[in-house]
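Two complexes come next, and they have one chain in common, chain A, joined by chain B in the first and chain C in the second.
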Partner chain A sequence: MTKGVNALAAARILLLSAAAVVVAFPLLWVAIASLKSPAQLNDPGLILFLPNLENWARVLEAGILNAAGRSAFVATVTVAFSVVAGSMGAYAISAYKAGGSATRFGILAAQVLPPAVLVFPFLTMAYALNINNTYVPIIFAHLSFVLPVITWFLIGFFDAVPRSLEEQARVDGFSRFAAFRLVVLPQVLPGIGAAAIFGFTLSWNDMFYGLILAPPRETILPVAISAFNTFRGVELGAMSAAIIIAVVPVVIASFFIQRRLVQGISGGAVKF
Partner chain B sequence: MTRFRWGMLAPVLAATGVAVGFPLAYAFYLSLTDYKLTSRGAPDFVGLENYLFVLSDARMWNAFGNTATYVAVAVTVQTVLGLAIALALQKQQWARDVTRAMLLAPMFITPIAVGLTFRFLLNDQLGAIPAVLRSIGISYDFFGPSNALLTLSFIDVWQWTPFMVLLLLAGLESIPRQPLEAARVDGASAWYAFRRVVLPLLTPVLTVAVLLRSLDALKVFEYVYATTRGGPGTETETIQFFTYQTGIQFFRLGEASAVAFVLLAIVLTFIVILFRRLQRSAAR
Partner chain C sequence: MAEVRFNKVRKQYGSSVIVDDVDIEFPSGSLTVLVGPSGCGKSTSLRMLAGLEEVTSGEITIDGRVVNALEPKDRDVAMVFQNYALYPHLSVLENIAFPLRATKTPRADALHRAQGVADSLGLGALTGRKPKDLSGGQQQRVAIGRAIIRQPSVFLFDEPLSNLDAKLRVETRFELMQIQRRLGITAVYVTHDQEEAMTMSDRMVVMENGRVAQTGPPAEIYARPNSVFVATFVGSPKMNVLGGSVLDQVFHSKGGAIISTAGIASREAVTFGVRPDDLQVSPAASGGGTVVLVELLGPRAILHIDAGSDRLTSVVDADRLGELGQGATVDLRVRVHAEHLFDPTSGFRLDA
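Up next is the complex of A and B:
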């Protein structure tokens, strides 16, 4: 009996260790590459070398931080709107069964739409309204996938709040909206935080819409990174540095939200 | 109360209407015209011409086939691997949060960065992995003919197995304890308890996870853009990449929109069939 348990425990630890190595290796490799000179990059086995910051200077010169700032701006506006509209909508769906199961299904169905369907209308509209040099088209495009996800995710959190809380607030003389804002909302604040960070990473990571809709000279981070994607080995170092700049903030964010994500999803976000 | 209910829902509905509903309707209109980004004149209404054209286009079907293979390979591997890792993580007590955060990290990274990382890592001359393989006498071209699509699938596995793990871990943690304990008291082996107790209870979450992952994998674009750009030949041209090329590089928005709607029709058919099945098995 104990022998079987031990073997199982060993297999478990082995699997997790292997997974950790597989996850970490590519990222470490890129981090190392960002410190190599062009000549050193031609030797993939080289691990001990004198690191230099030339690549980092190059990406910073190329304005990668400005691109990151624009990405953060787009993501912040998208998420701010999604959280306000999404939490109101999710509450109406959860507590008042607004729209019935059709809304729940509709929200999920929005996830099905391939970005390729929506992107061309956004593009032609941007030209027609003469806003193709602004961030408005890309923010609307990001809303099309961030808003449904945040709403869907928050329904699960609102489902977990006892209805009696709101009823008590109503008895105490709160209006329906005040009961929502002052009594129910604080209960799901951790969930809203996690949903907001998750929505932020979704917007931050999108490249397809950015490639087509962002102003060409003031593009967002994923598109800026891919601009280092040339067939010349010279650019690999700079590209590696750019990748690290995009990866670090989201990995830090993921550390803080993973527990809430598990909790939110097991709280009902996976139900239809 | 009705006013409050719809009032609360109004912002979501309005935003969805502007950001999803209108573009969707407009895209359908585009698919019925000969709209080109380059021509200044008003587009002509051409009816179903674009649809007839793309449906007889071998390159579009090739892209559909590539995408189907890509999704099937990636999602199958992710499901098996994700389930194993989720089960292991559930039991993991030591350094619990750090382990979880680390193993979930890839799904938060921008896909273009993942694609470029692997393009570099697997590159024949500059990459670490081919160098290691060469040192033990194996020569394998990750982006060569008949390998490239598989490589793309495995990039997907690297990035998105964590998503599977996240959903399945949440599913495992919401399974009630009693049935498992009952099975243990009855002397069931770990394997038997897993197959007869855990797996049936996990099936709804598993179904949703596979569905969400498949739908997302269908949209693959960044890896192709970062690594192969559809090559060698058209071996790794996926549907999203094909649409991008038709619409943005060749400016044929009408045709591109038609392709997107063909994809949408196929996906919706697939989902409706799946839901029918699910409802029938739930009714049983």
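Up next is the complex of A and C:
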């Protein structure tokens, strides 16, 4: 009996370890690569060496932090709008079955649309309205996929709030909106925090809209990273450093919200 | 202090009628209990009064004012839910003070008044705690405190004691009655527990299938139920109800039970009702009934008696169990004038 259980536990550990390696190895490799000189990069198997900060210097000099700042700005604005509108939308879907029972998952239909379909209409509209030099087009484009996801993510959290709580607030003397703001929202704040970070990541990672809709010469981070793939060849070292700058903040933030992330993605089915 | 009235109030979803043109009067300052089995429309009626459900047709008035179109916040009512609906993110003190926020009372005043209310309910030491750190009984009292702080015109209670254990229920029942009487606020109380209804109400409204079956003081409903439904719903153990006929002062049920009476006119077909307290048993060698089970309640006992193919219950003093134990054969008799006669087809009371 115990032998069987041990074998099962061993198999589980083996599987999880394999998954961890698959996920962590590329990041680890890139982190190491960012500390290698161009000569050392030609030797991928080299692990023990004297770290070299010239890639980091190159990347900072190239304005990577500015690009990161622009990405952060776009992501923050996108998430701010999405959380405000998305929380109200998620509440309506949860409490009043707005849009019918299909809306719960139907709202994700926005994800099905390939960005290639929307990007040129966006660009054309931006030129027509003469806002193509602003951040407005890219923010709108990001909203097109962040807002539905954040709304969908929050529905499960609102489901967990008993209807009697807001009914009590309404009888206690508050309007429906006041009841929502003072009583329901405080219950879902952990979910909103997680949704915000989740949405931030989606916007932060976007390459496609960023490439085409960002103001000229004001590149966002994923585009700046790809710029290290020059006609002279790939500047692996610099690119690695830039990748680390792009990935590490998100990994750290996700670590803190991992419970809520699972809760949200499972539609509230998993409770902690 | 406000009089509440339901005028032909109806609640309908499509073709499904939950509340069927109901007329009810809730006298000012009284505690009226809406009681009935699940699905009878009592909770829906309460929620329409609170403003949480729309009224399909008819009028609800509070102090003569028609409130159908008013939002709950404008009706000056306070409600206690079955699960107390305490705000988890606020402390006990803030929970009780919360309704005053809607009236823009300054925070210091509100908290001060809340402390006073908490003290009067024995919660003075717990004001800093969050709801999840309280027992069921304490949570319930916070909900009550939150309701009374506003001095509303009407109190609404939706089965507030159902989540408490039996002993706590009896204690809290008494406290609630005291509070209502002291404040003199009109109260509408919904429950499915007939004992709660009997002990607490000034007036009982028994509901069945969306309609009012009977209204009146609890004593009257107990003594003169106007239908078989009300007769079997109110009173524990349940009233014995049998179909049969009366001949020469003796009731013969279809199942073969024989119950002696005094002074009933002969009838061919009747539904005969007798409460277990009024069914007198006396040991008899060749009696019509046999005791099959004895439930000891302390000073009294419930006897389950097989008579013919019928099963009857009787409540007797425990010191008679020597001669009335399990297996004893007995004769059955109704206490004088304690029988209830109903029409066999309609189920309504026959006033003999």
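Annotations for the structure displayed:
Just so it is clear, the second predicted complex is superposed on the first by the 254 of 272 C-alpha atoms of A that agree within 3 Å, B and C clash if a C-alpha of one lies under 4 Å from a C-alpha of the other, contacts with A are read in each partner's own complex, and residues count from 1 in each chain.
Quick note on the criterion: contacts are C-beta pairs under 8 Å (C-beta built on N, C-alpha and C of every residue); 3 or more make two chains touch, one makes a residue touch a chain.
In this text, all values refer to a predicted model and were calculated from it rather than measured experimentally.
Once chain A is used to superpose the two complexes, chain B occupies space next to chain C without a clash. Of the two partner chains, neither chain B nor chain C is touched by A:193. In the superposition on chain A, contact is made by A:205 with chain B only, not with chain C. Of the two partner chains, chain C is the only one that A:183 touches; chain B does not reach it. When the two structures are aligned on the shared chain, A:215 is found in touch with neither chain B nor chain C. Once the two complexes are overlaid on the shared chain, A:254 sits against chain B while remaining clear of chain C. Using the contact criterion defined above for the overlaid structures, shared-chain residue A:168 touches chain C, although it does not reach chain B. Following the chain A superposition, chain B and chain C show a smallest Cα-Cα distance of 9 angstrom.
Chain A has no residue lying at the interface with chain B in one structure and with chain C in the other.
Remark: chain A residues 162, 164-165, 167-175, 178, 182-183, 186-187 touch chain C in the complex.
Every residue of chain C that touches chain A in the complex is listed here, in rising order: 50-52, 71-73, 77-79, 81, 83, 85, 87-89, 98-99, 101-103, 146, 150, 156.
Only residues 4, 8-9, 12, 15-16, 19-20, 22-24, 26-27, 29-30, 33, 41-42, 44-45, 81, 84-86, 88-89, 91-93, 96, 98-99, 103, 106, 110-125, 140-141, 143-144, 147-148, 151, 176-177, 180, 201, 204-208, 211-212, 221-223, 225-226, 228-229, 233, 236, 239-240, 243, 246-247, 250-251, 253-255, 258-259, 261-267, 270-272 of chain A touch chain B when the two sit together in their complex. Chain contact summary for the complex, chain B toward chain A: residues 1, 4-6, 8-9, 11-13, 15-16, 18-20, 22-24, 26-27, 30, 35, 37, 84-85, 87-89, 91-92, 97, 99-113, 116-121, 125-128, 130-131, 158, 166-167, 169-171, 173-174, 190, 204-205, 208-209, 212, 215-216, 218-219, 221-222, 225-226, 239-240, 243-244, 247-248, 253, 256-257, 259-261, 263-264, 267-268, 271.
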